[in-house]
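Common to both upcoming complexes is chain A, partnered first by chain B, then by chain C.
Up next is the complex of A and B:
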């Protein structure tokens, strides 16, 4: 019979309050998604830290490569015109 | 602290083979990031010794949480009131949760939880010496919360700023919960110290039993600690063992005084010049013996863990079988 060494890892996301995003809280092992939810409740919401849970198999997550972070994110750095503060608006002009 | 074996284990922590010349640039870049207080994340490049040190430290910490459930779990069925019982259950459950957070953090470094648990059950892994002491009275439960969790907080708060992201984040979660543990312990001591002469005697005896082992939790004195410097350079460790121990004594002695209890150290006195307490010498032979497995409860703790693991096997098997059945059914429905 298989032991828990075959249980996959799940990443747990918790919505702290209605209206907020689900936020990554950590991970845990479970036999299936249903059990991952049950365990996530016990592990991450013992003090009313959440109103909703998402569980995702860790192996189903595709992540960007940290080694490529520069080439991936640097192009945004010199595009300061994308921010409203780039534009000087005369003091006389209101509500803009 | 919960990972004190790290400092004492000079022999089994031999230096890795010298880093290759090609890694020099990576090493320097890594150190610059650490120096700049940037967090290191699981997929980032890291020196092998940084990885192995963290695996050892985090897994020892996780084992300590799990074994730490036993001395207090011993009193769940005998807690003096229903309220004390539910509080104690909640605290012990928290410790299990802390172990789970920490195993999770260790797993991000490429080691399996089962592997780590196997090491614990085989008696090959270290955990904090403190959990090898017995809890003969209810007052010991109070002393553990007050002193052991108090010492743990002292150590864990700086770990919230540790350079390794998953460990730091786990510690933030742990620290949020630990304060309840310390307060509930002090609350037990407070109640006993305001009680009958027998209750006050129980409280005093528990303090006598736990004071020195609590001071040992911070690990060997700085001069003997083999890993302090490297861990500090990597910002895994922020303060030395002796610094944290001193801070603990300075915080705790006034708390004992408020309880009307005497700290079992004839040399203890306030040093006005240094602005801190002077305290007596710690019996490091006792510490070494407990770490080596010869403490009062080492064998009992390990036997309890092994029994719990074996007795839980059918639950794990049943859950696996159920998950398998469900997935087969889902596949058949889809077909």
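Up next is the complex of A and C:
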């Protein structure tokens, strides 16, 4: 199982149907991107879950730092005016 | 060839369907042996998926064989209750898995054969075979993507992986002769446009294999004399053990379902 440990991790994104976004489905180990596609096909689309796959090396993803959540996300909490809930919607508009 | 002289003989068609069905059945059974033992869980699933595709092909082909035979035997009876000498798969398919590299080599050799075969069989004058081939060729394209990817990765990999796949190639190469050894059944079915001529498949197979071996930096082994013909029911000792494993349940509990 040593080889297994050496394989890098890939994040897998699956598009369920044409027109929809690719959604994160999970992650798996593979030696290269092509193998990651093969494995993703076998692991995540064997029951017709998808029509398209993206694979990304997990190490290529830059994530926000949980320690910075205070400064990144909390300031949005008291700015309720950013939600479009203060507009009066005309009666004529049915499908907004 | 004249259209008048092209009546398909049921016996030929039956034999042909059994040959193709048994190839998929036996190879699928072999791949199934990897479940729980593959080098990584991802490969475990990959091999199992291919095995299931192959068993699916076998079901269609052996089911059709049962209909041609007309003695009321279904796919299960044909798959599980025949004797050693009645299986008509090429001997290559029953060769043991060996290490992962040997499994990959066996897979590549057969995947390319099935790809070239099914691609042509999809235009068969026999509507059932054409339909089965049309479905199977898509599966086979993926099988080759998987096995070919591994062949290149291992061949063009480390010194050890390269040595292992090269030696597997030397070991399995002689069995490929059988894939293209034409007999009366092949000729009769080719004459009525039911089966593609094996010579055409061989040319295409050879070209594709050369290209893959080149990519994998592997050497094509020299052709050697060859004596086993599974398509005539002459098998290596390996098939007996495989069948014992595969038939055990049906023979112990006849008609078992779950």
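Rule of thumb we're sticking to: the second predicted complex is superposed on the first by the 83 of 96 C-alpha atoms of A that agree within 3 Å, B and C clash if a C-alpha of one lies under 4 Å from a C-alpha of the other, contacts with A are read in each partner's own complex, and residues count from 1 in each chain.
In this section, contacts are C-beta pairs under 8 Å (C-beta built on N, C-alpha and C of every residue); 3 or more make two chains touch, one makes a residue touch a chain.
The model shown is predicted, which means the values in this text are computed figures rather than measured ones.
J.: Return the chain, chain B or chain C, that is in touch with more residues of chain A.
T.: B
J.: For A:95, using the defined touch cut-off, is the partner it touches chain B, chain C, both, or neither? Pick first, second, both or neither.
T.: So A:95 meets neither chain B nor chain C here.
J.: Taking the superposition as given, does A:38 touch the first partner, chain B, the second, chain C, both, or neither?
T.: Only chain C is touched by A:38; chain B is not.
J.: Let me test your reading of the model: by the given contact rule, A:7 touches which partner, first (chain B), second (chain C), both or neither?
T.: Both chain B and chain C are touched by A:7.
J.: Which of the two partners, first being chain B and second being chain C, lies in contact with A:46: first, second, both, or neither?
T.: In the superposition, A:46 contacts both chain B and chain C.
J.: Thinking of the overlay built on chain A, is A:29 touched by chain B (first), by chain C (second), by both, or by neither?
T.: After superposing on A, A:29 lies in contact with both chain B and chain C.
J.: Overlap of the chain B and chain C footprints on chain A, residue-wise?
T.: Common to the two interfaces on chain A: residues 1, 3-4, 7, 28-29, 31-32, 34-35, 42-43, 46.
J.: Using the touch definition up top, name the residues of chain C that touch chain A in the complex.
T.: Residues 39-42, 45-46, 49, 142, 145-146, 149, 153.
J.: Which part of chain B faces chain A closely enough to touch in the complex?
T.: That would be residues 41, 43-45, 90, 93-94, 97, 100-101, 104, 107, 112-114, 169-170, 173, 177, 313, 316-317, 319-323, 326-327 of chain B.
J.: Give every residue of chain A touching chain C within the complex, in rising order.
T.: Within the complex, chain A touches chain C at residues 1, 3-4, 7, 28-32, 34-35, 38-39, 41-43, 46.
J.: For the complex, give me every residue of chain A touching chain B.
T.: 1-7, 9, 26-29, 31-32, 34-35, 42-43, 46-47, 63, 65-67
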